[in-house]
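First comes the structure, then the notes that go with it.
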Amino acid sequence: MEPTSILNASGCLDALVAPGVARSLDAFVTKTVTPLPREGNPPPRFIETEAGMLNSIGLQNPGIEGFVRDHLPPLAELGVPIWVSVGGFSASDYASVCALLDDCEAVATVELNLSCPNVEEAPETAAELAHAARGATSKPLYAKLSPATWDIAETARAVADAGVDGLSLVNTIRGLALDPQTLRPGLGRDVGGYSGPALRPIALACVWACAAAVDLTIVGMGGVASGRDALDFTAAGASAVALGTILFSDPAAPARVRAELGVESIDRGFGSPAAIRGIARKEATSAVASAE
Amino acid sequence: MEPTSILNASGCLDALVAPGVARSLDAFVTKTVTPLPREGNPPPRFIETEAGMLNSIGLQNPGIEGFVRDHLPPLAELGVPIWVSVGGFSASDYASVCALLDDCEAVATVELNLSCPNVEEAPETAAELAHAARGATSKPLYAKLSPATWDIAETARAVADAGVDGLSLVNTIRGLALDPQTLRPGLGRDVGGYSGPALRPIALACVWACAAAVDLTIVGMGGVASGRDALDFTAAGASAVALGTILFSDPAAPARVRAELGVESIDRGFGSPAAIRGIARKEATSAVASAE
Amino acid sequence: MASDDLSLGGAGVRRERLAAVSSERVGPYTLLRLERGGLDPGIPGQFFMLEAPGRLLPRPMSLCLAPPGELAFLIDPIGAGTRALCDLAVADAIHVLGPLGNGFDLSVTRPLLVGGGIGIAPLPYLSEALGGPPSLLGFRTERHAEAASLLPGAEVVVEPRLVTELLPEDPGDVLACGPEPMLEAIRNRAPGAQLASEAPMACGYGACYGCVVEIDGRYERLCVAGPVLSDSAGKD
Amino acid sequence: MASDDLSLGGAGVRRERLAAVSSERVGPYTLLRLERGGLDPGIPGQFFMLEAPGRLLPRPMSLCLAPPGELAFLIDPIGAGTRALCDLAVADAIHVLGPLGNGFDLSVTRPLLVGGGIGIAPLPYLSEALGGPPSLLGFRTERHAEAASLLPGAEVVVEPRLVTELLPEDPGDVLACGPEPMLEAIRNRAPGAQLASEAPMACGYGACYGCVVEIDGRYERLCVAGPVLSDSAGKD
């Protein structure tokens, strides 16, 4: 087992304007690309909350053709593995985008954004979308799931059966915040996706549940901001962590988190973070939640 | 319309040991009562996180018979309306407990805890549970829903069709935190329910979505700690707010929040909080989330 | 409103914002003196919930000393909350709720106080109430033992010696506070002792059911049933 | 590591922890001087992301002055983040990232600086770079107008008079910063003006797509395409 890899979370870094940051990662994940170009949502597009933020970017992206033509070539020059995040509104959307990417040598991995609130009912059809993508590409496939579900392990098993190679856990969860003056939603599109430290315990519970349910590689994310956080995700079963919101305040976070994680591991008597993987579950009595 | 009522959140106040606090509420909500007594989960039962806490109390309660015999008579003496929170593991559980409570004059309202993580699949059968309860009592019925669902408005419509009179939004969402020393889960039962300020944007989005979907009275909760928070829930469509985690640090919160809410309303030129109800939605362009 | 009597179980429980009067190091611990405000110091062994700046939940602390106009707490900085309390500067104010829980039963004839580590916290106030009975204190290191200065006249041992080694054959009415292994040893040596236990507490007044300990095979809230439990109600 | 060149678009962008050297009130604003560390002051109109103590996200601030060894920012305390920055005490340190974005194009022949309210912030540094060209400043009240002291020799008006009333027939090369209605008026009166715009920014370096403004009918990131936009690239 290798040490915990450090990636960015999709939509939280543009490697073309911040190549130095991208190069400090073990892999760069693109913003979600859809079949057609999208302008995204009207501003305001983000708002800060007590221990997190809400965003309603709305999948602004150049569409798969523009992406492959204009973005992929310079990304390929970076020298880090490129993961392409793929979104869509139907199984055929996913299949067509994946088929296109299957031909691109520069693409190391495809991450399926199955949890974009724009795609109504996505969690219910996650397995179908994953199945369609699997049929269209032989690249490694990661399924990115939403925490907004009663039983994420069930979804994990379904996408595992559909043939994905890994899980990206988790996407944002819907949230709302009002403008203090107007009492109107602070975002142009009212409701947005909640990320940052407040999401961390929810994300960690999802990693924990999925690590018990399926035998897939897990990229953990949701509020990771320090080596200690990366350690927790590793202990809960993740093989990699992705940095999202923390990159907005600290573009040097990848190197910092990596260094802190190494120190934490050694201080605790483990040679490398890899030895910590899944340790939270050792002697675990029960994975069933019992709160009310 | 009356001003925003202030209740406690179920499981966050024991009126019998804190009668003064209970009397400062517009109604007292009991901890969830199940058909049989329950000892609850082994400690540790709570752990603090960055902007919230996790609990795994596990529905410790004396069972419906013990409750009606020992707890209800002194509760009836308090002089505030008593809401009884009802939990169970099947539709017949809910029906039998509701039938028993239907005979109790001291019970003003029944809140159905349809979102206890102990009840596997509860959200899927929320409407069936609500339907069973509706058949067993003519008391006002509130359905308490979980935020851990892709589309809470769908559940809201289903329980509305089943005949409930109101919604209690929201229960905790599953979370995990590890002990910094051992890297084992900080709770005796590993995963617990996440509450407090971190939950607030999620809860507010649920109130917003349900207020648009159904014509039911809404009790909003999730991190309410100030008059401003109560104002936000009111603006999003709630007629009452329930105080949970804040009661642990401030048992005087009900009177404080009520006073702050009054001041906020007047400062904004509204005579009473009632005039603010639903105002966040005025000129709303879209209730569909558009984050990714 | 915030300072009103909250009718939490016993009468006289209040919540007020109290300013720090002084904060001094005692070995590894900090003795934090707050102005008393309108709060009642309560019975020795009772506790207060102290707001820990920057934390969501308050922290339970036994009253250590009750000089006129003050409430003093001895705090061991073991985590974020206790560190924040130890870092309070003079005039910083925090919310304090109390007194809470059941204190020691003072109607004892031959009191002997036993404390281990930070478990010494409630003993100075208790000793005062009982007219300075004999006391035995155990500490992990000489540095921790500096806290014994708060209980003049006490017999003090430092590990590897254990405080229970000092217990006489017939110890009389033992009133003790300390780590669980120490309390367990006392249970064996002094049946009927009054033992102040600890458990993490979110609310301190019976609201959350987070502080349960097993008593006679059932989960009871320590903040309501304790923190002082008589041995017969103890774990075994 | 944290102080390394991060290769964010332009070269020379660094992130360091910088201590406050002084903090003084200027009317309702605060002039915060930070030690410069290894950061480059950049081109006038560029901005820095300042850590706002207690907040999750940093806040964008134009460089106001660049005295030797310092970076100085003029801050309007309009919300929690800016208030936290205005409350910094001497020696308090915060993370600062920059310089970011596109500054003013200094190859102008007849510069005229125009600022409104806190929009005056980038003008002192800009004025210095351009050798003290004429400037027009507009403020909401006399108290706000105290900030004009940062730009000696400027013409100043206070509402109800508007700064655009002072614009000459042929204003030359206008470089402006201020509220959107002021910028809109300048667009009409001085086509081709360089206008420094504002939008809430979460990252300031193109990572989040949170700061988009409409440019030629498309949503462009202001932190990458701006904040200084030449009028032809402007909203209409």
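Annotations
The first chain written gets the first letter, and so on, giving A, B, C and D; residue counts start at 1 in each chain.
What we mean here is this: a contact is a pair of C-beta atoms (placed from the backbone, for glycine too) under 8 Å apart; a residue touches a chain by one contact, two chains touch by 3 or more.
It should be emphasised that the depicted structure is a prediction, and the values quoted were computed from it without experimental measurement.
Between chain A and chain B, the least number of touching-chain steps is 1.
Any chain bridging chain A and chain D, meaning touching each of them, is missing here; the list is empty. Across the assembly, the mean Cα position most removed from that of chain C is the one of D. Remark: chain B and chain C have CA centroids separated by 34 Å (rounded to whole angstrom). Put simply, the C-alpha centre of chain A and that of chain C have 47 angstrom between them.
Taking each chain's centre as the average of its CA atoms, chain C and chain D sit 55 Å apart. Contact with two or more other chains is made by residues 11, 51-52, 55, 57, 197 of chain B. Viewed as a contact network, the protein chains form an open path, each link joining two chains that touch. Interface note: chains touch in the pairs A-B, A-D, B-C. Residue ranges of chain B in contact with chain A, taken from their complex: 11, 32, 41, 49-52, 54-59, 87, 113, 116-118, 120-124, 146-151, 171-178, 180, 183-185, 189-194, 197-198, 200-202, 204-205, 208-209, 223, 228, 231-232, 235-236, 268, 276, 279-280, 282-292.
Those residues of chain C that touch chain B in the shared complex are 1-2, 4-9, 15, 49, 51, 55-58, 81, 95, 97, 199-200, 202-203, 205-213, 218-219, 224.
Residue ranges of chain A in contact with chain D, taken from their complex: 11-14, 17-21, 23, 31, 39-40, 43-46, 48, 51-53, 55, 57, 60, 196-197, 245, 247-252, 255-256, 259.
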